[in-house]
Structures are given as structure tokens and as C-alpha cells.
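By written order: A, B, C, D and E. Residues from 1 in each chain.
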Amino acid sequence: MSAGTADLLEARDLARSYTVRRGLLGRPTAVRAVDGISLRVARGETLGLVGESGCGKSTTARLVLGIEPPDTGSVIFDGNAMPPSGTAAWANLRRRMQMVYQDPLAALDRRLAVGVQIAEPLDIHRIGTAAEREERVAAVMAEVGLQPHHVARHPQSLSGGQRQRAVIARALVTNPDLLVCDEPISALDVSIQALVLNLLSDLQERLKMGMLFVSHDLRAVRQISQRVAVMYLGRIVEEGDPDAVLHEPAHPYTQALVSAIPHPGKTTSRVILQGDPPNPANRPTGCAFHPRCPVATATCRTETPELKPRRSDGRRVACHIAHGEAAAARAPALLETC
Amino acid sequence: MLHYLLSRLLRAAVSIIMVVTFVFVVLRMSGDPAMVIMGADAPPEAIDAFRKSWGLDQPLWVQYFSFFEAIFSGELGRSMRDGRDAMAVVLERVPSTLALTVPAFLVNLIVGVPAGVYAALHRNSLIDRCVMVMAVTGFAVPSFILAMLLVLILSVNLGWLPSAGQDSWLNAILPIATMGFGGAALLARFTRSAMLEVLGQPYIRTASAKGLPWSAVVWRHALQNAAIPTITIIGFMLGGLVAGAVVVESVFSWPGVGRLLVISVANRDLAIVQAIVLMIAITMVAANMIVDVLYGLVDPRMHGQARPARR
Amino acid sequence: MAFVEIRNLSVAFGRSPALRGINLAVERGEAVGLVGESGCGKSVTWLAALGLLPASATVRGSVLIDGTEILGAPKARLEPVRGGRIAMIFQDPAASLNPVHRIGRQIGEALGLHRGMTGQRAKAEVIRLLDQVGIPDAKNRINAYPHELSGGQNQRVMIAMALAGEPELLVADEPTTALDVTIQAQILDLLTTLRRDTGMALVLISHDLGVVSETCSRIAVMYAGRIVEEAPSGQIFTHPNHPYTRGLMGALPPLSGARRRLVAIPGSVPEAAHMPQGCAFAPRCNAATDRCAEVDPVPLPLTQDHSAACIHARPYHQAGHPSHHHAATTRERAMQ
Amino acid sequence: MARLRSLLERLNRMPILITIAVLWLVLMLAIAVSADLISPYRFTQMDLRNRLSLPVFMGGSWSHVLGTDELGRDVLSRLITSIRMSLLIAFGATIIGAVIGVTLGFVAAHFRGIVEQAVLALVDFSAAIPFLVLALAVLAFFGNSLVLFVCLLGFHAWERYARIARGLAISGRMHGYAAAVHQLGASPWRLYGRHILPNIASTLIVSMTLAFPEIILLESGLSFLGLGIQPPGTSLGNMVGFGREYLSSAPWIMLAPAFVITATALCVSLLGDWLRDRLDPTLS
Amino acid sequence: MPRFAAAQSADRPAVTVAVQRISTSNTLEMLTEQSNVGARIYTSYAETLLGNDWIGDMSLQPQLATGWKRLDDRTVDVDLREGVKFHNGDVMTAEDVAFSYGPDRMWGGGSVEVPDNVKAVARQALPAFERIEVLGPHKVRLHNASIDPVLEGRLSASIGMIVSKRAFLEAKSWMDWARQPVTTGPYSVAEYKPDSVLTLAAFDDHWEGRPPLRQIRFVETPETASRINLLRSGGADFACDIPPDQIATVEADKRFKVVGGPINNTRYTVFNKSHPVLANPLVRQALTHSVDRELIVESLWSGRTEVPRGLQWTFYGDFYIADHENPAYDPDKARALLRKAGYNGEPIPYRVLNDYYTAQTATAQINTENWRSIGLNIKLQMVENWGQISEGGPETRGIHDWSAAASLPDPYVQMSGSWGPAGSPWRNNQWRNEEFGNLSKELGSSTDRARRIAVWRRMLQIIEIEDPAYVVLHRNASFTAKRADIKWVPSQSFVMDFRRHNWSA
């Protein structure tokens, strides 16, 4: 945190559950999608958010943007608490915070041409004249690698990657202060990925844009973020410098994750996680990861580890073993670095 | 669940009170029932006496409150015309109305929905055009013209079916056909439009890619997603089941609720009108509940909107 | 004969061509990777093959399964193929799942269709499939609706649904974009195992070169509606021959070392309706010559199983290095 | 200029049936606008010695092209005046009903909770009130004014729009695009007007094209009960209603207006369906 | 025996009659069913002491009374027919007759609660009725409180249908009775579904012998076209209330015939003298002079009815003023009258019910056109019920339609009852005329026939010419379509006579 200025975004202790009912008469059960997350994003900084599928990343993204109200916890944007969704203050904030959706097809209105949809934030926040808007849209589209003739296309007649770029363009068109990207590049080929990642870093530098970058692509995360947080079952289990986290993962889950990164042209050995995948409707006691953890001990089964800086190098991690509070049950699997 | 039911019942009560009040005010303030029922030649004393005996000489609000008082004691009042218990009069008519409306409703469903689906699947084909022209014509031809034409052809000229009355089930065929035609047309058009809306969705492609035969894709996947407008219309149809159809009942001299309503409104026979309106309101409310449950069934996203579980 | 053979497949939407003559063969049990520029026609290829494109598309060419033409085949011939012989995993899982049906039902449907399973048996199988793709709490999740699942979970439902029909060929269109690497690894393992055990062929469409190289034995690179390079996966990374393929390799963000600015291929794909006369990649190619703007290159065999559609591509010896001289003969051949 | 050209181009692409429909509607509008100029007689002008005279195509004279009615009035002149009246009523009421219904439906869908309950209570209320009673109310309390009459008929179908709009809007809001637009900071106006409305427009268009003939017929029913357009005024429904006794003896009195009703409804529907299909970019 | 009866009844036809309305009040008791509508049905199941020769000249005929003798101006002795049975098998006695005219049924104050409006109706029909005295098992004496020139005639009024005392007292309430009366007519009420169907079954113990029909069904068929179609498709043998324009349509099929014609009911249009414009008799005279009756009869009625000489009937005998003239159709004279009256375009409302009377709307439109053509600003208002016709202040009530019927050969009952000081227009301040009022009283109390005729002539002059209260349009006509092979004669009223003397097929 730079001295004097508050963080752009600060989330404290966010939690969110969904009720699901099985059948008409089924008993409602709570699914804890996010279970106590705190994070900060400074101006000009990118926080990468990685983690297992279904661990609550998209939900976190929605919560920090105030699209959904958290059950508990609070979001502070630019020093002020997030106004309730739907209010004028909330709506005004939107020009400063934007989101790139995970599923672009669903996030686009199939009745409107993409050009119109990209221009929409400008229309909504009455930015510029009609001509300026048109110009701006053309510029953004070019920046994300869309061609001028795509302006009049409807979402369903675009390819997956083109749609994704349309969503990115829409999010960038207002030059937001905060950008939350939920899998922004998953459908892009590497060349366009490069284009988009370069674009994002440029904007970040130029506009001091803060970014929450949710992705499964650890290369991209490393490329773009200053810090990375690893989530597991609704909580952050490790946070730190991307290189450090990716090369010397402290948490056993991170270790498994890093080992699974595929490398073009090589076939590598990796840690395949054993045991059942985690179920947010039925959270294990103690450390949520312990049923699948190769090094879990008795403590892990009963005591929930806290996310705190490790004494050795100050890495924030939530693991009894990493903190040396418990001895590993077995020697950790050999992790090769690359 | 309980909360849902309670709010539903509260709303139903509010609507019903509004309906009853409205009908009361309208009927009371648009023509003197004494005059209407006794006729133009009745001596003024008779009219005064009539007014007095039905409490029509009281101020409106007194009448209103005593009317509600009576309702809460389960007494809907008596017909001003012949002194019969209003509910009994209405209930006596309901079966004969249902004898027309229920089959007509089924005809609507059985003909209308498939016709709409079919037309959607063959968009712009000759068949689509024919179905839709039929549907529009069926809807735009005044029902008494349709009824009269059916009667002229099938009863008067061919002598196959009776033209009016209520002597056997044969009498019901023509009125049901008349009513069925218009309603089916309505459903067909809504269904077609909603189907077209859905057929371009990616999940329809998924279903096809699974290898489902096209008919199964349509019936199992598309129809349910397209169902909301159709269900809404079906809800209105369900709600209208007890109200009958004025024109058709008149043309076929079918003594149903619709005609009773017209006669009773014309006579300002409040108790009967209220009894009918109450029945209609209750069916409407019931139909709405059914519709809401159906909404939830066809589109799980409409159910409760994944309300957060607050701890 | 190849199990599936696509010959000269071309697709146009109105006046703009999306595919400009695709030739691709997939053998039984083979895993083919399909990579390429976003919007180059990877998805359309397979949608066209299975007859799933909207009516506005004009499709030409031929798609043979075991020698039987399925392009433009009547529904009765096409339906058993879809899902049963060729299953497809779509790119946008959330939109591609029916929002009003429970996921268990959607998967069960495929089981009923292609494996005649119903009732409890089908349910047990659905749970097994969901377990297999790593959906937690499968027993309860079969009752979930797509909107109650996360992006990655929906994607896995799509995968389970495609596997339900035990297809002979699985076309997976970016099946792991929403999955974290551990689950991705698990899914890829699963696909590989299935391939080994059942002889299922796999076409993997992906942008993740790592994923493709790990899973597939052969890789086809597409650009602007054509296959521009095709090679065994080892060779394509060691001997990328088409300049586009080389560009792709170069754009990959590194996982270690100093962070440098990424190198994207400059320029953009030409508009489909206004394809340049010569090589479609020429305007963006740093090795382009005048000739490139005139000649529309056809695939040239470089080695026995490596071909590239570039007039500058040169044959090489598998062990050796490609020479840096232009072979006139190659150029001439390309011109025919 | 370019716009004009593209318009012409579009017209060129219109199927023949649609062209006919458009032409018919234009004709009707022209008749409505110039009714006073083109009608050969005053529509109330009676010629009792020349009652029920045959139309030309049944062998009548050219002085009354469509024959005369039971009071010897020129059917053509009455038809022309009726077209004006009925078009006014039908278009006016259809639009009023749609606007009120859709607005309230959206309001219900947007606010949910107590507002939704209130709107739904109103819907139930209005659906349960026999239209007859409603008509009675308006006419008894406000007199027989045309404006009120149009509003009244507009109220007829509002609850259908309201329910459909609410149902579809709730379902639409669950879609990702609505959430996305909401998060862009769009006002409810924009969300409902620009995104949800076009997405549910096709159903609403169908509903409106259905409401059109319905309203004409409803007016006929009301006229018949003495609550609609009153003699000596005339409307298509009114002509059909009063002419129906003559279905077998002098069919031209009512068949001409019945034909106009049906044909206009047909054209409106064809046009509506076509428009609906055009507005739907997923079709093509 | 039952078998024989069955065989017997099987050889008699059953007929179905399609009617627009069965009973306005939904009752079969004539004390509550006061409209023209009820007249059609009641003679088939109920009988009065004196009857009318409906299909003849309307003259009084013995019915349940075999003879009557006037003792003085206020008393009549009546001999009752013997061997008359009620539908419940009881034999009719003087007790039943006295009861039928007694407090329990009509006047109240007896053991049964009588609705007040019934009392009022009874009082209007029998204004000075005192009591009926039982003189013997088959002899009664009627006492009237005042002199009544038409006392016997009143015994033929429909409200005086003779009912079974036992059955009446056994009924749960007056209204229950009114829906199921037990009477003496040739047919008994087998089933009555209000607004739908009334089935009458032959009453074989009727004093005239077995009635000619096994069963009569009146089915309510509100639509004209439906009635005709019902007839044409064989669903009915009679279709009532056929508008004149449809006669040709029906008769185009040789199997059917339309019978009927003018009846003893006259259509007229009445004025509200308290309306500021109509207060001026000149304006009203102008109105009367611009009604083209002949044209209406000619066009709307195809000439099948006639224009009476004012509100009087030929069966009035020497009360019929043969030289009385209706105001002639003379637009110029009407315009002149208007000028004289200083009328300048004030609106005059004309309230019309939608075809309550046959061709009412058409007639009203013709009148309106005629009135407008002389410069009157007539505002045609279609209203929905009688209540709305009399609503509002005097300036909102101008003109409306009415009809009048007479069944006794004396103008007093009809004219004084409708327009005299006891009539509703007088009491509603719609039309009053002092001289007319006094004459009306004299007409009712005098026994000097010549004087009464003179009084009557003057009354007509006042109410139709000098200070017009109304303008007579034409006689009403009633047309009934029937199977051509049925020999059946319509009456000069709404009554349908299905007795044995009027049936053969």
C-alpha cells in the first residue's frame, strides 16, 4: 500500500451462500460459495486470483463489484463503502468499475449488434458526443483485435473468441479505474491473448487502473499481476508475489496447481490431487483441503488455519504445515520448477 | 412456503375485496334495480316498496357495509328477481358452463399448442402461412358469425347437429367448436412466436448435437423454454372457465354463467353478479397460483431467484 | 480409410466465407489438436460437419464417416451419428446447457438415446460420469440447474454429457477453458485414458498449446478458414514452419524468467468477405514477399507427415535442421 | 438518400403477402383519414323507400355500390365511417393497453416484493371484473365519450400484457445479459426499454396483433349490449352487431364490415409476425 | 290404466316454442310477472275467473266462472264452475277463489308475508277492491269500495289467476310459491329452469277435457337468428318474436309460415313536460307533427301493422272515437310551430333502449332524423335499462319510448291508469294537465255513459293534440313463425293460446 493513498479496492471478510432446493419440496441447503475473503487492490496494481473451478472466484468478483450483496463483510472502493446495488450512487460508480464476464455469450444481448453493446457504457454514463462515442468504440475494438466489420454483428454470429473480445472492449470503453476480469482470455488464441495482455498492462500503467484478474491460465496471471491469491473452497489459501508463489508454492494446493501447468512440447509429471473434490455445501472441518492433502496431519483435520504471513519469508499462507505449526505427514511431492 | 402461501392469500383477499367493492359501486350507481326489475309500468308504490324491501332506500355506504356484513356471515344474498339464494343460482349454472368451457379449453390446448409449434418449425412455409392465416381468421371472425355459419351449415342445411338448446351432448358440439376455434388460434400464435424465440438458442443446438430426434428437441427442450407466454395465456383461460362465453351461450341458448351474468347485470341483480364475480375472482386466483407454480416448474430461475441464505 | 474424413469443406455466411476448403482426416483412436486464430473457423468446421449450423450458412464439400457421407444427409441418418458416433463439447457451456432442465436429466438423455439406459441405471451412470469429471457431491448436483453451477462446473457437465454417448469421436471445443490446471489435467487424463481404453478418437480444439501438445499426437493449425500447417505434435513445436504457427509460439507468455512484453502477431485477419488474392497471412507476415500477395498457397508436404501451406516452407529431415535457402522447386510446386 | 435506398431495398425484399398486407393497411388508413371526402353519402342519411337494396355484385345498382341497410342507409358510406371509427378505437386501445400493461409488468418485475404483489392484485382485480361491469362503470360515471371509450377498451387487455411482460421480464432478468447491463450502471429504463423489451417484443407484438381484432369485436359486443358506439354513430363492430339478424336475408350489411375486420386483423397479424421475425436476429 | 294413459299421451304431439324470454321476473306468478313476456305463457297453466277470447275479438268469456251478475255499482256475484281441479288434484272451491283474491296472496296482513311490491301491483290492478265473500261452495261475491264501471272486466286480469289454497299455504315462502304455482290451467308446470326452459305437461283432469298437446316446452333463445335456426333445423315448432324483416326469410322455406299481426298494444313515444324546452306545448306539437308513422309502418313493418287513431282500440265499442285524428305528418307545420315557440337549438335528449320493443332502435333513428330535419337538436342516447331512462334532472330527461295495452272495452283502466293522477308520469311530474286530471276522475266515477264518452273525447284531444304527452306511432305487432302444417291461430295480444279449440295438426 502506497503511503497516504488508500487502496482502490478493499474487501473485508466477504461471505456469500446460495440456497438450493432440490425439487419442489426439497429441503433448502446452503452452498457457501465464498467463505470469508479479504483482499485489496491498489491503483495500478493487478491482483491475480486463481483456484480450483467452483471455488468461488466468480462469486468473489461479483461481490467486490457490488453486483451481488455479500451476506457478511464489506467492500470499500476508493475509500467509500460500496453503495447498495441499484442506487444512483452505485450506478454512477459503474463507469469506474467494469467487469469482463466468464461466459461472453450469456453476457451479451443477442438482439443487439456488438458495436451498440460496446458503446453502451458510454451511452449510459453520457460520455462524449455520438461521434466521439463511435470513434471510441472503433478504437477499443481495434485494440482488442476486432475488425471494423464486426460492429454490426450479433453475438451469436461471432466466434467464441470474438465474443470474448467484445466483452473486453465493452469493459474497457470507459477507461475504468477498476477492472475485474473473469477468465478474460480463455477463448483467445495466444497471439490475441498477447495483444490483450499487453493492452491491459499498458492501460494499467497509463491510467493507473487496478485489476482483479481471475484466471486459470497461470502464465497469463504471472504475466500481468503484481500479486496473486490462490483460492480454495471459498477462501484464500495463499497470497504473494506471482513468481514466488508459482515457483515456490507454500500451500500444498498451490503446489498441486503449479505442478499441473502444461508445457507445450513436453509431457511432464504432475501432482494429480487425490480424494473427492471439495463440496461447498459440506465443508470439511479444519483445513478445507485436508481430505486431499498429501501431507495433512491431525491438526489439519481439526483446526482451521489462518491466512497470515509466514515467518520465514513473509508469504501469506493458510497452512499449518507451511507455518511450521505441524510437521508434514509425508515428504511433500517433488515439485519441479521451470 | 408458509410465507409464500400467506402472501398469496393476502393478495387474493385484497383483489377480491377490490372486485366486490367495485362491482357493488358500479351496479348500485348505474340504474335503479327496482325500476329495472319491476319494469316501466309498475306503479310507483310497487317500486318504492321494492326498494325498501331490498334496502335500496338506504344510503350507499350503509348498503355497502351491510353487504359486507352479510358476506362475512357467509350470506351472499338473494336474487332480487326471484328471491333465490344467489350462490345456489350461480352454482346451478356452473356445471353447464363448464360443460362447454372445459372441452373448449382442451380443444384450445390440443389444437393450439401443436399448431403453433408446427408453424414455428416450418417457419415461412406454406403450412406455417396456412396455420397462421387460419389462426388469425379464427380469431378475427366475430364468434357469432362463426357460430351462425356453423349452425346454418351443420344444423339447418345438413341437419347433423342440433342448433340450440341443452338436450343432449350433441348440443355441446357446435358451441365447443366455436369457442375452441378462437382460443386455439390465440394459443397457436403465442406458441409459434415463443418457439421461434427459443429455436435459435445454443442449447437447442446442444440438444440436437446429442442426437435427439428433432421432434424430441422441440417438445422436450424448446417447448419448455418457450412456455412462459403460453402458460400466461393458459392461466387466463383457466381463470375464465367459470365465466362462460356470453355470445356463444346466447347464440346456442345455452344457459350458462355468461348469460346469467349479462341478464343479472342488465337487471342490476347485485347478489347474483357478486356471486358470479366472486367465483370468477376465486378461479382467477387459483389459476394464478397454478400459473406461478408452472412458471417455477418450467423455468427454475424464476423460483425465488436464488435468494441468499442469511445467517 | 480414416474414420472421419473432411474433404474440401467450405462454409459461407451470406457473402463472407468462413471456411475455405478444409481437408482433415481423423483416424480411429487418434487425437488431433486443432489450434488457430480466434475466428478462423475451428468451431464452424465441426458444426458444419454435424449439420448444426443455422440455415443461413451455405455448406459445401464432403464429410465422410467410415465412408458414408453425412453432409446434407437426412435427419434419420444424421441423428444416430450425433452424440452417438461423434459427440461435441461446445465452447460456451453456460449458454449451451438448457437452463430449465436439471443437469442430471440433460446427461441422462444422452444415456437413454445412445445406451438405452433409463431409470436408476441411468441415474447411477450420470453420477459416475459427474464423478469422473470431478464434480463434487455428484449425487446431489445431478439435481442442480446450470445457473446454479460455476463456469467450470458447467463445462464439466458438457464434457460428461458428451462422454455419456460413448462416442467414437469426441470433438472437444475448448473443453477446459474454465477449468483450473489441476482439474484440467484430470480431464485430459480422463480423455487420454478413454482413448486408450475404448479407442475413442479425439479432436481437441484449444488455444492452450500446452494442452494440445500434451494430449494430441497430431496438430492442425488453422488460419482464416484454412488449415495452414499440420504435423505430429512433437514436430510442430520443434519445427514450426508456417509463419503463423511460429507467431503463435512466440506469443506464449513465459512462466519464468524476466517478464517481457508479449509479442503478438501484428495486424489482424483479413475480413472474410474481402480475402486478399494471395496468401491470407501475407499482410501480417514478416517474411512475406511480393509473390505471397499473388499466390494462394496449397499445403506442401515437408516431411512424411508434416505439411504447411506457405510458399516459403521447406522440406526438412526429421533429424536435421531446415535449411535457410528457398528451394525453387518448392516454390514452383506451390504455384500449380 | 442512402436510407431511402435501403428502405426501398427492404421493401423489395418483402414477401408478396406482406406487401399486400401493407397495402391493405395503407388503404385502410387512407380511408380513415379521408372518410368525409370519399364517402358518397352522409352515413346517417336514410332512404327508407330503398331499404336493403342489393349491392352491385349481387345485381344491385351503382348508386349504392355495397347496397343499403335496414334503414336504407348506404352501406359503403357507413363502412367508410366505421373504418375510421374502428381503426381509431382499435389502434388507440391496443396501444394504451400495451403501454399500461407492459409498464406495470416491468414495474412488477423490477421491484418485486410488495410492488409486485400490488400490481398482481390489480391484474387479478382487472381479470376478475367482467368487462361488462367495467364498461358499465365507465359509461355510467363518465358518460359516453369516445376518448374514455378508447381508454376503456385499452384497459381490456392490459392485464394480459402485464402478466406476460412480468413473466418474461423476470425470466429475462435472470439471463446474463440483463445482469451484465445492470452492472454497466444502466438505469432501469434502459435495462427494460432497450434490452428486455426487444427480447420479449416478439411475444408482445403477437399479443398486440391479437388484441387488435379482439378490441374491434369487443366493441361490437359492447355496442350490442348498448354500451359501445351508439347509434347513430357507427363502427365496424356496431355494423356487424346490428346487421347480424340479417345474416341470411341481407348478408351484405354485415359481411362487408366482417370482411374488413378479418382482413385488417389478418394484415396486422401478418405484418406483426413478419416484423417479429425481422426483429429477431437469431432467425435468418 | 297407466298403460292406456301412456298410449293416450303418446298420440298427442309435444311442441317446443322458441321465445326470446320466458319470464322477466323469473317467476310464474302474475302478481310479480308484470311484463308482456309473462302474458305468453300464463294462459297455458293458469286461469282467471273470466277469460278473454284471445284469438277472437278479445271479448270477456266465462272461464272458471260460469256466470256473473252485477248487483250494483260495487258488487258482483259470480258462479263458479264445478268440477274444476287443481294440478295437485284438489277440487276448486269458493274458498280457493276467495283465497286467491285474499290477503295471503295479494294484500298482506294474513298468515303469509307478502312482498310489498306485490301488494302495490295488486292495488293498481284492483284499485278499490274490498273483499270476496264466499256465498256457497261455488258462489262468491265481489265487493268493491267504490263505483267501478269495469268491475267484471277486472276479474279477467292476469293477477287474478286462481290458485290452490292448500298448495299456496304449503309453500315455504311467497317467492317459493311464485316459482311453482299450483293452478287449474290445461297444462301444469312440469319443470321451470329460469332463463332457460319452461316445460308444461298436459293436465288431463282439466275441466275442458284432455288438452291437445302432451307437452309444451318454452325454450329461451335470445338471438333472433337462433330462434329461426332452431325452427328451421327442427328443434322447435314455433319461434316467437320474429322481426318483420325476417318474415320473408322464414317463409322462403315452404315448411314454415309466419302468423300474427297487430296486437292490442300500441307503441308511442312520450315527452317530459318538465324539460325546459318541452315545457312549451308548441315544441311538443312540432314533435308530433314530424313523425312519419306511415313510413315507419311501411318500411320497418312491411305494412304488416297499422296506425291506430290515437291511444284507443276498436274494441272499445262506443268509446271508440272514430273521427279522432293523429297529428298529421307535416314538416312545414312543425317548423312553423317551432318558430312560433322561439326554439333555437337547445338540445333535447331522447333516451332509447336497445330494441326493447321490436325495431325500437331503427324507429328511434328514423324519428331522430325527421326531428333533426325540422331543426330540432335531438340527442339520441342509447340506455341500457328503464332505471336509466328516468334518471337525472328534468333537463336530462326529454323523450323516451313506451307502449300501452288495453284488454277491457273501456278507456278508463288504460288511460287513467297510465296518464291520470294515479299514473306514474303524473306522479313523477313528467306530464300533468289539470283539466285532464279532473276529466280522468270523472271518467272513473261517472256511470253516465254518454257523459263518459264526451269526457273521453276531450281527454284524447288534450293529451294528444293540445298539450301532447306523447305521440302515437303504430300498433305493435307480434309475429310467430311456425310449422306450416300446424293449424294454430295467433291472438291479438302476446298471449299464446294452446287450448283444444286452437289446435289441430
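In the analysis below, a residue touches a chain if its C-beta (ideal position, glycine included) is under 8 Å from a C-beta of that chain, and two chains touch if they have at least 3 such contacts.
For each chain, UniProt lists the protein as follows: A = ATP-binding cassette domain-containing protein; B, D = ABC transporter permease; C = ABC transporter ATP-binding protein.
Note that the coordinates shown come from a computational prediction; the quantities given were computed from them, not determined experimentally.
If you apply the touch rule, which chains end up adjacent to both chain A and chain B?
Touches both chain A and chain B: C, D.
Which chain would you call central, comparing Cα centres to the global Cα centre?
That would be B.
Considering only mean CA positions as chain centres, point out the chain farthest from chain C.
In terms of C-alpha centroids, the chain at the greatest distance from chain C is E.
Can you name the chain that lies farthest from chain A, using the mean of each chain's Cα atoms as its centre?
Of all chains, E has its centre farthest from that of chain A.
Just give me the whole-number Å value for how far the CA centre of chain A lies from that of chain E.
90
Please tell me the distance, in whole Å, between the geometric centres of chain B and chain C computed from their C-alpha atoms.
About 55 Å, centre to centre.
So how far apart, in whole Å, are chain A and chain C when each is placed at the average of its C-alpha atoms?
The separation of the two C-alpha centroids amounts to 27 Å.
How many angstrom lie between the CA centroids of chain D and chain E, rounded to a whole number?
Roughly 45 Å, centre to centre.
Where in chain D do residues touch two or more other chains at once?
136, 174, 176, 225, 244, 247-248, 280, 282
Residues of chain C touching 2+ other chains?
54, 92, 94-95, 99, 147-148
Scan chain B for residues touching two or more other chains and write them down.
Correct list: 30-31, 144, 148, 152, 200-202, 266, 299, 301, 306.
What does chain B use to touch chain D in their complex?
Counting only chain B, the residues touching chain D are 7, 10-12, 14-16, 18-19, 22-23, 25-27, 29-31, 123-124, 129, 132-133, 136-137, 139-145, 148, 152, 186, 189-190, 192-194, 196-197, 199-201, 228-229, 231-233, 235-236, 239, 243, 246-247, 261-262, 265-266, 273, 276-277, 280-281, 284-285, 288, 291, 295, 299, 301-302, 305.
Using the touch rule from the top, collect the residues of chain B that touch chain C in their complex.
200-203, 205-214, 220-221, 224-225, 298-301, 306
Report the residues of chain A in contact with chain C in the complex, numbered from low to high.
The touching residues are 18, 20, 22-23, 26, 29, 31, 50-54, 56, 58-59, 102-106, 145, 147, 149, 157-165, 182-183, 186-195, 197-198, 201, 216-220, 222-223, 243, 246-247, 256-257, 260-267, 270-273, 276-282, 337-338.
Which residues of chain B touch chain E in their complex?
Contact set of chain B toward chain E: 30-50, 52-53, 79, 81-84, 89, 144, 148, 151-152, 155-156, 159, 162-166, 250-253, 255, 259-260, 263, 266-268.
Hey, which residues of chain D end up touching chain A in the complex?
Those in contact with chain A are residues 175-177, 179-187, 190, 194-195, 198-199, 279-282.
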